[in-house]
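In what follows, a structure is listed as structure tokens, so that the remarks can point back to it.
To keep things simple, chains are lettered A, B, C and D as they appear, and every chain counts its residues starting from 1.
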């Protein structure tokens, strides 16, 4: 048994002392205020043990990490029918590029790029009774935590400035791959991205993906096969055009968000979440990427 | 002096008898009702003589032909400053592709593709007092015809279904190349495209581009240099990804619209307009392209 | 302990009876003669147990599977310096496309697409004393089998018709990312691809990637970290533009070749190889992909 | 009648005094030695009058200007059949990009980009008895000048370093759009590009394109229609991804070469050639582009 608390602390110290050349995301005004000196790590073992350092219990906007929840919920509702509207291949392109969407006739490359997540949001809008509330309840249930909330200010901030997402949604609509109204789909999407969670809560909620579909209270939310597929998509597509780099350096399925969060997991072993708001040029947390790289190097734990 | 009336009638007869494999544009519901058997041609010499055959005095929606008017009006207002926001290179891509826009950081390739025309519309919105009315007056003045009107039904039809244009406008906005609100710019744009004119009126209005900037009543609307540049843009960019083909087969500056209209001109000599609603796969009038090809072949008149 | 022999036989029977819509690769004339009814599977456990069905001991040209050997040997020689000349991101494009190479200034996306493997071949040419022979010895040593040979006829066949590879190599040369002569690099590359092995031998040779860098005779050929990285690259890039699909459906690091072979592995558990010459439209073995999908579904063994 | 000699001298003086930020082409070693201070202009009227300034009678390597001669000769031999192997659309991409070639299944966008000119060279190789000699004779005949020669040193220099052209030719071969051997086609192509001519000779040879297909000795080399088409291709495709800019600023069909030469013409009026070795970032002569822009601005002569 490794001394995980010491390992997390070593990582924390080494990163607090290194120069942080990342930049806080500025395209969503409400995110631009984040303090780039914040750094939190939280590790949860499949056995239920927990280890945290730094700002690991401070809430932040999970942003694209929410795409994993919406993907899981869509799988739960329509299963592999989802694959008729969104592919599962890595994009090899920055997260906001519409070019591929045009070349591929309105079928997004995968559910973790923005256009793909917007299609997933459209699926949920068509399949949930009270879409926003039902989605929030799903996340709360996975995490066993009813205090998880949307951040209306951030959702509103994105609604006013998310022109790229409006472009993507309209293009999907032009290709007939959006059944609901652009405004409605994006209202849902901006809300899902605005959810506030801390590192500990993220490991709670992602427990299900490390535990064959069963949450911490042992309820089966997803089938074994669905979990395997969500993990595969995270590994190949979870970090935009840095997915290969993350697999290469870290070697875990995971997902990042522009709020500075990253969650990753080793099936049957652990879930780890980090938060550090400054991003590298590819849009992933600058310190978070390094934290996870150090963690798998020190522990020699990875899927490979 | 050639016998133009006979030439037009020969072209008309040969095309009425040929199989028309084109398809009427269906993505704008209001245009889908057009009768694909309609065919009109009108020729106006710089000397003021007029020749017409077929449905040359039936009005249709000029659609993208309006981009030439908006480009000319934008040049009139801000001159070459326009070039900081839109380039003048052929796109080598279908008319609605957003890929290039992303690769080129939000600067449209030229003012005659949709994204470029939307930037031009934004310029006019910022520079005209009563944008829609002022634009309409400009077209009326060029044509010396106050009966020219918007078609509100077509404008409304595009407002409801023009998702591709919403995508383009939002993408421009994301790149900071749109100063007004997306809704306002597109309202203007959809109105400019909805203008109804017949072949004769189009030759009246395009007289200015064949006559060094002076309209039929001899008023100087554009400088010699501006007209030269508008003509150059028409030649290299006026027919989407069929621009080279048109230069090769016809050899005149011109512009087509999905309503089935085409206008072309030989500086100091003539203006010719055709209308036939069915389009070839590249989005240009199937019979219109052939009519103009026959015309320059028979008359041996082209810029080359 | 699962009954692997029965599982393999079930898979074999189900696939022998299904319609085989794949096509044998025809662009290399020497490969076009392959019998599309052949099907072999071989499984080797990390404990040394072996299970085989069908044509599992018939030799075929390993083609792109050889890229994993050359990548490993290049890592052994120059370590992470390799990453200055080739990236590790999935390409999201068919295996022979040069477009990305131009967009990315001559740095191939990853070492498993042709252009990337040609750069790796160039590295080996610069670092090995007797390049072709040394490479062959490396493969023999990994497999502990001195009967493994190049197929000179296939190598010659590719030399005469591999225009796409000549294009890639010349483009790399134009970008300054090829130090040796085009002819020499491709001579090496065509030989590495021509190596003949059967399914059993492939599992022998890939044992090292499932066993932290130690071969079956327990010699350490690669570091733990190098093996992890080779596996990560296989998972994200091993199946051209079907890499995501393979991760999603199968969930193992692996590599395919146009000769119809596929090898995949679960670290610390097993190595599995299949051979069936007919390819699906993405260039991967039609039956082989299904065999591996059935195997991980039946055994519930995957990295996720 | 304008005072052309004075106009040319004014242009010459203004450009000799302006800062020359262009760069001599360095990728062909033999061209890198050119003196970037050289500047020549020559104007020939359709009436036979000639006007020259600066280094207008100094020979230089015509490079891509030769593509117009090969296009004309291919039209003469196989007419519009040529269009089955090469398109006539502007590329909207830098001159050496292979991306389009892949996207468009081996059919080059037009005959004036490198890949297109290589297909034209292949056509000539198949249709001429003594390809290199016959081509040289064709150019000599157009110019009425038997002193015109290949520059073997430059041809050899390109043969050794023209990896991009080898890449293009091999890619064309892979798509089945090259009938002769890569080496043979490129030997022809490098020779055609190496031809040495001065500005005066270029206006002699291009006389045919300004005179409906008749050369200065009034022999009909091309049909009226063929000349019109060559001119159309020059206008839309003659300046790589600066073709629109040239049409916009200059307004004449023309062709540039990386040797620093440019030829342009106004049908039935004049031919003008410039030479200044330093190139702008798009690969066209920095001073030459300005010289022609000044010329059409001062004389108000253009096709528009």
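The rule is short, and it goes like this: contacts are C-beta pairs under 8 Å (C-beta built on N, C-alpha and C of every residue); 3 or more make two chains touch, one makes a residue touch a chain.
Molecules present, by chain and UniProt name: A, B, C, D = Glutaminase.
Every value quoted in this text rests on a predicted model; they were computed, and no experiment measured them.
Colleague: With over half of the numbers shared counting as same, classify the chain B (Glutaminase)/chain D (Glutaminase) interface as same or different.
Modeller: The interface of chain B (Glutaminase) with chain D (Glutaminase) is built from mostly shared positions.
Colleague: Report back the single chain whose CA centre is most distant from the CA centre of chain B (Glutaminase).
Modeller: Taking each chain's C-alpha mean as its centre, the farthest from chain B (Glutaminase) is C.
Colleague: From the C-alpha centre of chain B (Glutaminase) to that of chain D (Glutaminase), how far is it in Å?
Modeller: Centre separation, chain B (Glutaminase) to chain D (Glutaminase): 32 Å.
Colleague: Could you give the separation in Å between the centres of chain B (Glutaminase) and chain C (Glutaminase), each centre being the mean of its C-alpha atoms?
Modeller: So the centre of chain B (Glutaminase) lies 54 Å away from the centre of chain C (Glutaminase).
Colleague: Could you give the separation in Å between the centres of chain C (Glutaminase) and chain D (Glutaminase), each centre being the mean of its C-alpha atoms?
Modeller: Distance between chain centres, rounded to whole Å: 46 Å.
Colleague: Counting only residues that touch at least two other chains, what does the list for chain D (Glutaminase) look like?
Modeller: Where chain D (Glutaminase) is concerned, no single residue meets two or more other chains.
Colleague: Touching pairs of chains, which are they?
Modeller: A-B, A-C, B-D, C-D
Colleague: Quick check on the complex: what are the chain D (Glutaminase) residues that touch chain C (Glutaminase)?
Modeller: 97-99, 102-103, 163-164, 166-168, 170-171, 173-174, 182
Colleague: Okay, in this complex, where on chain B (Glutaminase) does chain D (Glutaminase) touch?
Modeller: Interface residues on chain B (Glutaminase), with respect to chain D (Glutaminase): 87-93, 100, 109-110, 224-225, 227-229, 231-233, 235-237, 241-245, 247-248, 251, 253, 267, 297, 300, 302-304.
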